[in-house]
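What follows are several structures.
In the two complexes below, subunit A is the common chain; its partner is subunit B in one and subunit C in the other.
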Partner chain A sequence: MTSRGLVLPALAAYIVLLLWPLAGVFWTSITPDGFVGLSAYTRFLSDGWFLSVLRRTVVLSLITTALTLVLSFPIALYLSQTWRRGRTLVTFAIIAPMLVSAVARSYGWIIILGPAGILSRCLAALGLGSGHLLYTETGIVIASVHLLLPLMVLPIAGSLQQIDPSLIRAAQILGAGVTRILFRVTLPMCIPGMTAGAVIVFCMCASSFVTPALIGGPTIPMMSFVIYQQAIQLIDWPFASAAAFILLAATASVTLAYLFWAGTRRAGARP
Partner chain B sequence: MSGFLSVEAVTKRYGNHTALSAASFSAERGEILALLGPSGCGKTTLLNLIAGFLDPNEGHIRVADRDLAGVPPNRRDMGMVFQNYALFPHLTVEKNVAFGLEARGVPRAQRRTRIAEALARVGLAEHGPRYPHELSGGQQQRVSLARALVVRPSILLLDEPLSNLDTQLRRAMAEDVREILRSAEMTAVLVTHDQEEALVIADRVLLLSGGRIEQVGSPEDVYERPRTLFGARFMEATNFIDGVVTQRDQRGVMVRAAFGTIGTSACDVSEGDSVTVMIRPERISIVSPGDGGDNAVGGTVLRTNYHGTYRRFHIGVEGQELTVDAPVSTAPRAPGETVRLAWSRGDTHVLTP
Partner chain C sequence: MSGARIREWLLRCYVAAMAVLMLLPIAVVLLTSLTPAAYISFPPGGLSLRWYMAVASADEWVPSFLTSLQVGAIVIVCALSIGVPAALGLHAATGRFATALQTFFLSPLMIPSLVIGLAILRFYESLALPASDLSVALGQTMIATPYVVRFVLAGLAGVDSGLTRAARILGSGPIRTFVKITLPLIRHGLIAGALFSFIVSIDDVNIALFLSDVHVTPLSVQLLGYLQQSADPQGAAVASLLVIIAFVLIFVCDRLAGIDWLFGIRKTTVS
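And then the complex of A and B:
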């Protein structure tokens, strides 16, 4: 009863700051000509170019999520080993991208990925072509992984730290080697942290603006860039609102599908 | 060279602190050994050394004449039951029990029968599909036992296996654990701080204190005939009487104490030595005036307490207080009443300091 009461201020803030503006955006999207109608939505969904932007946004976000997941697990494993001396340094390195302004960080990536950048020069020196990664999908993914890594590492490290060390000992004495312990004990017990991290990274990536806008630019637009263009440059608020809601629906359905899958995999296991 | 498990002069130090110093003992095949002692006595260190979770600074641990130095825990062919059970929370009971068999590459068909067998042995045949958190503490304990036994380890290690259970269940489980280990003909090393648990489960008890083995013996030996003051106190003995040895005879020695001379059982002291003598409270009887045993004294009742299974009398004898645990059928005495106490020389033990 009292604990339920304590939720009320947060709930009120949630309604006022999130649901109310969201309702406003939704209203704008369904009243394009002053009358209630779905013309903004049908325009988006019947235009091949807009659909390709939506597909790119979802696909690149999925790739970014998968890459961060793969990269984060070893880092989190390292961070969860309390006897490691370099933990503080690694933690700082992981969190650092979040401490730098998105614009400054993205310009850093522009320098690295650009035609005169170190990456392109290395690729050229190795004879792997003379191209560069600026204004490419690969470039967007690289910069996004860099930005979003901490949001995946931290929940997984949290999950790892909660694993009772005696479980590892139990597995050892039962005859399990390092690999079996990793795949049968450590990894399955990290699923809650991985689920949380994956959902956060996917949603953050799909809705991020600065990084894809600066690295991908108008050549490789993502949904957030299109919404910005429609709202700020073309002043087509109803269409921008409809695009925002389509993006929301897309990320929500991917997230729910993933949560459902992760939920059925751990059905019955300790919450 | 003797014994199936043999621990030879094993020492473990943490910096300046010596957790275990030159511990040696051995266990025969099928023997159940208890490492008993208070926290910090080195018993858990010793268990972790046998399991391979720690490496000794000195000494050797052998199983069937194979030196285990440098052998990692997963290649020691041992089983372990943990204090908190350490069941895998994301796996069912069946999968938990299967874990060790899978790690050892036991074929699937054989796995199924062995899992069923192990779960039946601990009385949980129906609980295979459940998850650990759906079971009670006692049931989790049994699963943990089944998981360790199913791989038929050469040695089973038990780390305070019953300390998370409530008193009643702990007593019942102690007997069950002994039964299960016996029927599996398992060589086992049990670590516990609970003397009753050690006495019920083990064939032989090692009493540890401050990183040293104080005494090794059968449960009766360690309980009835503690060698040291520490051992006696740990076994909840009372009645420590200081005195000087006046003479030796065939049965033991005569000790002059504040309230008279006491005859003791056989011991290794000489005339003139200052010694402490111990008599367990249940070994002293309240007798009628004129009756007596090897040793007899008169005293005054200070108070009487009812303990359910016995009645404890506190008796003042010449300024010293003796405690006597008598059957509840013994009538309580009022404070101030004079009584006569008697006990035999066989129950009077000289402690080594």
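And then the complex of A and C:
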């Protein structure tokens, strides 16, 4: 078939602009002193400060993923029920922010979370102290949840729509209550969507640059900030490359574990 | 049945509250940009367009805006010209290799884009290639192409293969069949791919941050730099422009392709 040859231009572009540059960065990371060695990696992994940045990135991404998962499920349930009247409006409210620049959205959170922001003034008016959440880890999590929520809602809603309505009806006829149906039928059936969403949200959160840079500032750095700082401000290419590959390894291992899991699941589902 | 009523009422309230929260930071930015005051104040306490005037007359914003538009246009052309053939080729092929290739073409979405930016910058440096609209656009093409591939594949999945076969049997050549039959049938996917490429380009910071320089600075990178240093409503005016552009494109996308379809939420469930 000649039409298979149509993938060649894209394949060539991906090799030249993705694989080859990534290979170059990997080579830079393992030749810090002009010869092959792992000193850039050992320097990162033996330095308490860099390790704390890595730990913060993983922990905040895990918290963001968990919060997004819990917050998304009811919204996804609502969107999957096509008979609902306000559905178009809710779809718009959830999807539209996803396509708005992360800089603009983070700026909105700066105004809300800042010292003179709405939230701090509300808290002060309620007598709950005079603190603010800008430049805190809580602030980063709040803005990240807002940024990534659509990426979790969509796969879960897709998964929920795959559920055969007769399954739910069967469970009802057999006498299962609403809670029982939720935990024994609906939730297990949308595990694929939840897992896909969780993987995307974790990877996007761990590698996001704009939100931590604006909400956290330089005092609460995440991995992306370290990579940028080492590359552009300190021009330490081997170290920046090593940090980039440590971040890539963290997100890729999660993704590959997911792909493997999804593959075995699909193979298992086949009769 | 009052238990079900309460649950239904709770779900509606929750979804409505989340929809408002999703739009809140964006609304805050839009309202802040209209303030007549010289500092960020929310609520704005008056309406004026003075900050938009300030943006239009400042030296840094207009060239950035034009750069963003040019880069976005190049990204559309590049992403479509490699993404559409790739999707056609993938659609024609079957088997393990085709599945692997599809995963590969979608993989840039799973790689931290900051790492892609770093890698392409190093690649350009090795070729001594200076920053230009084209060099930034080629980098962003790598994160826009996956969307084109995905949307065109989704469009092709809905094409009845009997139609193209009928055209071939009736004596139409492969190119004529593509232009007259396939192309009109997958136009939703094409339009969505083009608009998404533009949105990805105009929102991108992570790649442009590395590939831009003082002469070639897209709007979002310029805005990020500005927000990290100054806190006057001029930033809000620029952020609002990005919001307005995104909303216009989402509206066009919805009119032409249907936003539910794009994100895999069906309008009607199959019975």
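For the reader, a short list of remarks on this structure follows.
To be clear about the criterion, the second predicted complex is superposed on the first by the 234 of 271 C-alpha atoms of A that agree within 3 Å, B and C clash if a C-alpha of one lies under 4 Å from a C-alpha of the other, contacts with A are read in each partner's own complex, and residues count from 1 in each chain.
Everything below uses one rule, namely that a residue touches a chain if its C-beta (ideal position, glycine included) is under 8 Å from a C-beta of that chain, and two chains touch if they have at least 3 such contacts.
Every value quoted in this text rests on a predicted model; they were computed, and no experiment measured them.
When both complexes are superposed on subunit A, subunit B and subunit C fit side by side without a clash. Contacts of A:R4 after superposition on the shared chain: subunit C is touched, whereas subunit B is not. When both complexes are overlaid on chain A, the residue A:Q172 reaches subunit B alone and has no touch with subunit C. Using the contact criterion defined above for the overlaid structures, shared-chain residue A:L89 touches subunit C, although it does not reach subunit B. Contact with neither subunit B nor subunit C is seen for A:L54 once the two complexes are overlaid on the shared chain. Judged by the touch definition given at the top, the superposed model places A:C190 against neither subunit B nor subunit C. Of the two partners subunit B and subunit C, more residues of subunit A are touched by C. Legend: residue contacts after superposition of the two complexes on their common chain; A:I246 is shown touching neither subunit B nor subunit C. Using the contact criterion defined above for the overlaid structures, shared-chain residue A:S101 touches subunit C, although it does not reach subunit B. Superposition on chain A places subunit B within reach of subunit C only down to 9 Å, the least C-alpha distance between them. Contacts of subunit A with subunit B, set against its contacts with subunit C after fitting on chain A, share not one residue.
Partner subunit C is touched in their complex by these residues of subunit A: 1, 3-11, 13-14, 17-18, 20-22, 24-25, 28, 71, 74-75, 77-80, 82, 86, 89-97, 99-105, 107-112, 114, 116-118, 143, 146, 149-150, 154-155, 157-158, 161, 165, 178, 203, 206-207, 209-210, 213-214, 224, 227-228, 231-232, 237, 240-241, 244-245, 247-248, 251-252, 255, 259. On the subunit C side of its complex with subunit A, the touching residues are 3-4, 7, 11-12, 14-16, 18-29, 32, 40-42, 81-83, 85-86, 88-90, 92-93, 101, 103-105, 108, 110-116, 118-123, 126, 138-139, 141-142, 145, 149, 199, 202-203, 205-206, 209-210, 220, 223-224, 227-228, 235-236, 239-240, 242-243, 246-247, 249-250, 254, 259-260, 263-269, 271.
Considering their complex, residues 51-53, 72-80, 82-84, 86-90, 92, 99-100, 102-104, 131-133, 147-148, 151, 157 of subunit B touch subunit A.
Contacts from subunit A toward subunit B in the complex involve residues 164, 166-167, 169-177, 180, 184-185, 188-189, 191, 266, 268-270.
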